[in-house]
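You will see two complexes here that share subunit A, one where it goes with subunit B and one where it goes with subunit C.
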Partner chain A sequence: MSITLDQVTKHYAGAPVVNDVSLDIGDGEFFVLLGPSGSGKSTLLRAIAGLSAVDHGRIALHGRDVTHVAARKRGVGLVFQNYALFRHMTVAENIEFALRVRHMRATARRQRRQELLRLVALEGMDQRLPAQLSGGQQQRVAVARALAHKPEVLLLDEPFGALDAKIREELRRTIRQVQRALGITTVLVTHDQEEAFAMADRIGVMNLGRLLEMGAPHDLYSRPATRFVATFLGAANLILARRTPDGIQMGANTVAAAERSPGVEEREVVAVVRPEEVEVAASRDALSSGYLASGVVAEVVFTGALESLRVRLENGVQAPLLAQPDGAAGASLLVTRTQHEQRGFEIHPGQSVAIGVRRVHVLPTPLSSFTACAASPALADALSRQPLLAELAVRMKTRIAMRAEPQLGVPEAACAADGPFVGTTALASQTDCAHQAEWLLRRGAQDLLVVPEHAAVPQRVLIHWMGEGARSATLAVSASVLRHLSAEAVYVGIFPEQSARARAQHGMRELLDARSEAQLAHGLEMRTELRFGDVAQELALRLAEAPAQMLIVGVTELTRFAERFSGLLDGGQWPMLIVYRGSP
Partner chain B sequence: MAAALPSALAGDATRPGQRTWLHSLVRWLFIAVSLTFLAAVLLAPLATVFVMALARGLQAYLHSFADPDTAAAVRLTLTTALAVVPINTLFGLAAAWAIAKFEFPGKSILITLIDLPLAISPVISGMVFVLLFGLHGWFGVWLREHDLSIIFALPGIMLATMFVTFPYVARELIPLMQQLGNDEEEAAITLGAGGWMTFFHVTLPKIRWGLLYGVVLCNARAMGEFGAVSVVSGHIRGLTNTMPLHIEILYNEYNFVGAFAVASLLTLLAALTLVVKTLVERTGYRRR
Partner chain C sequence: MSFRQPSVLPGFGLTFGFTTFFLSAIVLLPLAALALAAASLHWSDFVHVVLSPRALGSYRLSFGASFLAAAINLVFGLIIAWTLVRYEFPGRGLIDALIDMPFALPTAVSGIALTTVFAHNGWIGRYLEPWGVKVAYTWLGVTLALTLISMPFAVRAVQPALLEVQRDLEEAAETLGAGRIYVFRRIILPAVLPALLTGFTLAFARALGEYGSVIFIAGNLPMKTEITPLLIVIHLEEFDYQGAAALGVVMLGISFVVLLAINLLQAWGRRRHVRAAH
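Showing the complex of A and B:
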């Protein structure tokens, strides 16, 4: 491996800007770190270069641990967004700088310089000053300068940011050629997904300091695992659907039967439909793909090669659409069509069309939507406006439904509302909360979020499960929640007090197992902690340490549930997500 | 004509890049105003200095400098400037570096403190040192016991001058270094350069014009300082009189030629600094 990052964390003013990032980049690989501004990608790159220290974790280059090695001794080449050429030196002096530092002889320096200038197609520019060059040429010089000392790793920090489109494309090609010719391991940071697609062997998508997903461009585009990646890499329609034994059901229609697997439990899922996978036709019969609904064309935009449509779904379709890529919610689908498709069926705004879906991808996230549950509609409405819940829904681009249960908490009473519990159920934290939580869990709620009235977005999330049966579900839910928070994740393993000595060894192994499973199966990086004592008590102690924390607890059985958790739940100050996997 | 003027104003004058009669009128008007103002406020007083100095002929003018007290004053002023300017240059560089490149608690307080000497009356700047090192000051007794003199001696003059002039280099450099940023230094470091190499090959060339300007200002003030030095020097002829102080004494003794002769020398020294600065800049630019 050329570059190995192990749980790299960097805090700025108390908040993590790089949050537990682990990553392996292979020899000669072109790796692109992609993310919106403020996602921590540049900070991570600077950490690799040694220009900013990390608070936690390890960085290794070619197997050599460089976490505490000074930047000048790391042997990396770094290219900055604004070139950072030495403005008072000529092109030649700029390129030879690293060689002069290394006391190379003048003739050898000149030879190497000419070699590099040829590589970046700038021969004969030796005696120019940076100010006499265009932006594209300056960046070429910067690339040549960064390569002069034959670094093992080339790092590029938004190198095309300040250039116009034509030059950008040309320089992209040059850099890719140079990288291939030298076989040098390269990391490029960008916020431009098109650039990432064009250049990368592998892309890592960052958001809120976390490395969410990585993979080959095509895999990430066609099979994203998270909402963020689905909507950040190109445009996507996010749709709440149901996974049934027959396939993916959106509203009344089953649109995709491809992923048929009879063993699958029926539940709500988040489906991704790319705009180019949506088909529009004059009538249902004219569709060549699975029928979704009928709709009215709201907007037609010509963008050159493609035509971009916004189609509002007609009544009678219950498929609730989640947010659009631009953040506008509402039941309208984004569709793109090629010239060929446009010639086949011309479309004008206001026209009624039948909508089909060619391909559906289901996100593996266990958290689809929220249902605010309370004793009356008014209370449920108030709960749905609770800041933390509302913020989570916005970040997860999902909706909050409402459900009134007048008998909530009354033993032996049945559910008032029809239908099963869908998605994550939310419950307000109050005096009788533990009993109400148990009541809901016994009646089919699987993921239950208890929100105190004044709970804010957490900075730290504690994770714990009671019983191995809840382990993988708890990890999946935790990973899904944490993708939308910049909080750090801590798994707290708790064992009974009396077994402290005997179990310490075993406990450590369990923690490490949990960590590696979180990492491998869910891409979740978390810290681990070992404690001895009563579960609820230890968790309460840990929660009391700092404000803005959240608790995720997995449970497999409900005996004595209310009794055990009344201390944490009844009138508690911390939001708590209960993941219940057992027989209701 | 009365009708032509408004139309000319509406049409030609508003068109950029058009050389109309109105355009040139405005141009000459501005140049004339600037020159008149400059002549009245700057050139006339300066000319007076030289006219008064040479009022009794070149012989008398040169003779003024033969006076041993005058020569001592010139020597003292130059010595003070030679000691103070390098020290303040180093301090200014260090302060500007710290402020521009690092985040630390109390940074804004440091910036305010650097400005303090500009805000405080020079007399008070001098008084501070008298209160510290004077006979009845905090360290007065200790200093006398060890037979050290600061006030009414060279060290006091240097300290007061240093205090008054230390903002100049830092003030010039802080905004410049903040604006230029850290990228070039970071690039140098990733290329393998150490601290000194980065400073001398990257930072210093980048800030040299600002630094030079700061040094020139610092030097001008160091040679010309009157108030603070006046308080700590004790006005001992031939020993602790700097040029500005000596000018005052000569003037009060109605020795106008002597006073203006020293004044003209001080003016020439200031002019020389500016000429040196311009020359250095010129050669610097020509090399590029």
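Showing the complex of A and C:
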């Protein structure tokens, strides 16, 4: 491995800007770190270069641990967005800088310089000053300069940001050629997904300091695992659907799904439909793909090769529609059509069309939507406006439904509302909260989020499960929640006090197992802690240690639930997510 | 020259008129008057006044101490500016404001303050005394006073230039393998050199004209600790206006030559860059 990052974390003013990032980049690989501004990608690159120190974690280059090695001894080449050329030096002096530092002889220097200038197609420019070059030429000089000392790793920090489209394209090609010719391991940081697709062997998508997903460009585009990656890499229609044994059901219609999995438990899922996978036709019979709904064309935009449509849904799937690519309200789908499709069926605004879906991808996330549950509609409405819950829904691009249960917490009473509990059920934290929580869990709620009135967005999430049956589900839910928070994840393993000595060794192994499962199966990096004592008590103690924490607890049985958790739940100050997976 | 030049703010003719009038009234006319006053002196008398051993001694002290003060401020001004620009620390704003104090203080106050501290029984002077170091009433005291009053010029001239040296450049040099000293020598220094020279020039010019603070700490022994401005005042007190004017003309001449030399040096440095480009 050329570059190995292990749990690299960097805090700035208390908040993590790079959050537990682990990553292996192979020899000669072109790796692109993609993310919006503020996602921590540049900070990570600077950490690899040695320009900013990490708080914890290790960085290795070609098997050499360089975590505490100064930038000048790491043997990397770095190219900055604003070129960072030495303005008082000529092109030749700039390129030879690294060689001069290394006391290379003048003739050898000149030879290497000519070689590099040829590589970046700038022959004969030796005696120019940077100010006499165009932006594209300056960046070529910067690339040549960064390569002069034959670094093992080339790092590019948004190198095309300041250039116009045409030059950008050209320079992209040059850099890719140079990289292939030299076979040098390269990391490029960008916020431009098109650039990432065009250049990368592999892309790592970052958001909120976390490395969300990694993969080849095509895999990430067609099979994203998270909402963020689905919507950040190109446009996507996110649709709340139901997974049934027959396929994916959207509204009233079952759309044939690519990932058909018979015998599966029916539940709400988040489906991704790319705009180019939506088909529009004059009537339902004319569709060649699964019928979704009928709609009215609201907008037609010609963008050159493709035509972009916005189609308002008329029946069937209004409610399940989640987020719009641009955040617009109302149930409308984004559709793109090729010239060929346009010629086959011309479309004008206001026209009624039948909508079909060619391909659906279902996100593996267990958190689809929220249902605010309370004793009255008014209370449910108030709960749906709780800042933390509202913020989570916005970040997850999902909706908050409401459900009134007048008998909430009354023993033996049945559910008043029809239908099963959909998505994650939210409950306001209050004095007899533990009983209400148990009541809901016994009546079919699987994931229950208890939110105190003044809860803020957490900076640390504690994870614990009671019973191995809940482990996998708890980790999946935790991973899903943490993708939307810039918080650190901490798994708290708790063992009975009297067995401390005997269980310590076993406990250690369990912690490490949990960590590697989280990492491998769910892409979740977490720290681990070992504690001894009563579970609820230890968790309460841990929560009291710092503000802005959240607790995720997995449970497999509800016996004495209210009793055990009343200390944590009744009037608790912390948001708590209970993941209940009863043994069948 | 055309007075019609396109510009965002119109009125080149008017502003040029103001510029020439202001410069004439404030700078050129008084200087001409000085030269005229000296010219009424007979040539042999003029030479006698300006080349007297006492006058020569005062030139040596004035220019020597001013040069030394400017040189000291070149080094420490850069360090102070660096500290203020590059580091965040509590009280930075206070220190930044403190730099300008010598500007605001009447120079006589600075002189008295320095004398109090550095006299043989002063706060610092009493500890230097046993080592045989005398500050007050020696050339050392003169240099000290000139350093104090010219310091803000050096700091303020370098500060903006340092602000402009981008961190990226240093980081780029670092990733290319350069050590700290190398980065300073090859990246930072070339970038701030023009500003440093400007700071030096300003500090030197300011020190040369200083009078108020020096007379308190210098002791004013003829030939030893007497600066030229003081000698001029002494001539004035004896109602020897022509003698005073003659000394003034000499100072004016030497200052002009020195400042011109520094300016030419800077221009030469700039040209060298442009030439290197072709």
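In the analysis below, the second predicted complex is superposed on the first by the 574 of 584 C-alpha atoms of A that agree within 3 Å, B and C clash if a C-alpha of one lies under 4 Å from a C-alpha of the other, contacts with A are read in each partner's own complex, and residues count from 1 in each chain.
FYI, a residue touches a chain if its C-beta (ideal position, glycine included) is under 8 Å from a C-beta of that chain, and two chains touch if they have at least 3 such contacts.
Nothing here was measured: the structure is a model prediction, and the numbers come from that model.
Undergrad: Will subunit C clash with subunit B on subunit A after the two structures are superposed, or do they fit?
TA: clash
Undergrad: With the two structures laid over each other on chain A, which partner does A:98 touch: subunit B (first), subunit C (second), both, or neither?
TA: Both subunit B and subunit C are touched by A:98.
Undergrad: Who does A:76 touch here: subunit B (first), subunit C (second), both, or neither?
TA: Touch status of A:76: both partners.
Undergrad: Quick check on the superposed pair: does A:118 touch subunit B, subunit C, both, or neither? Answer first, second, both or neither.
TA: In the superposed model, A:118 contacts neither subunit B nor subunit C.
Undergrad: Applying the document's definition of touch, where does A:385 land relative to subunit B and subunit C: first, second, both, or neither?
TA: In the superposed model, A:385 contacts neither subunit B nor subunit C.
Undergrad: Go through the superposed model and pick first if A:49 touches only subunit B, second if only subunit C, both, or neither.
TA: A:49 contacts both subunit B and subunit C.
Undergrad: With the two complexes superposed on chain A, say which partner A:132 touches: subunit B (first), subunit C (second), both, or neither.
TA: Second partner only.
Undergrad: Now for A:454: first (subunit B), second (subunit C), both, or neither, which partner does it touch?
TA: Neither partner.
Undergrad: Once the two structures are superposed, pull the subunit A residues common to the subunit B and subunit C interfaces.
TA: 49-51, 70-74, 76-78, 80, 82, 84-88, 97-98, 101-102, 129, 145-146, 148-149
Undergrad: Sort out for me which residues of subunit C touch subunit A in the complex.
TA: On the subunit C side, the touching residues are 166, 168-169, 171-179, 182, 186-187, 190-191, 273, 276-278.
Undergrad: Which residues, counting only subunit A, touch subunit B once they are in their complex?
TA: Going by the criterion above, the answer is residues 49-51, 70-78, 80, 82, 84-89, 97-98, 101-102, 129, 142, 145-146, 148-149.
Undergrad: Within the complex, which stretch of subunit B touches subunit A?
TA: So the residues of subunit B in touch with subunit A come to 183-184, 186-194, 197, 201-202, 205-206, 288.
Undergrad: Considering only the defined contacts, which subunit A positions touch subunit C in the complex?
TA: These residues of subunit A touch subunit C: 49-51, 70-74, 76-78, 80, 82, 84-88, 90, 97-98, 101-102, 127-129, 132, 145-146, 148-149.
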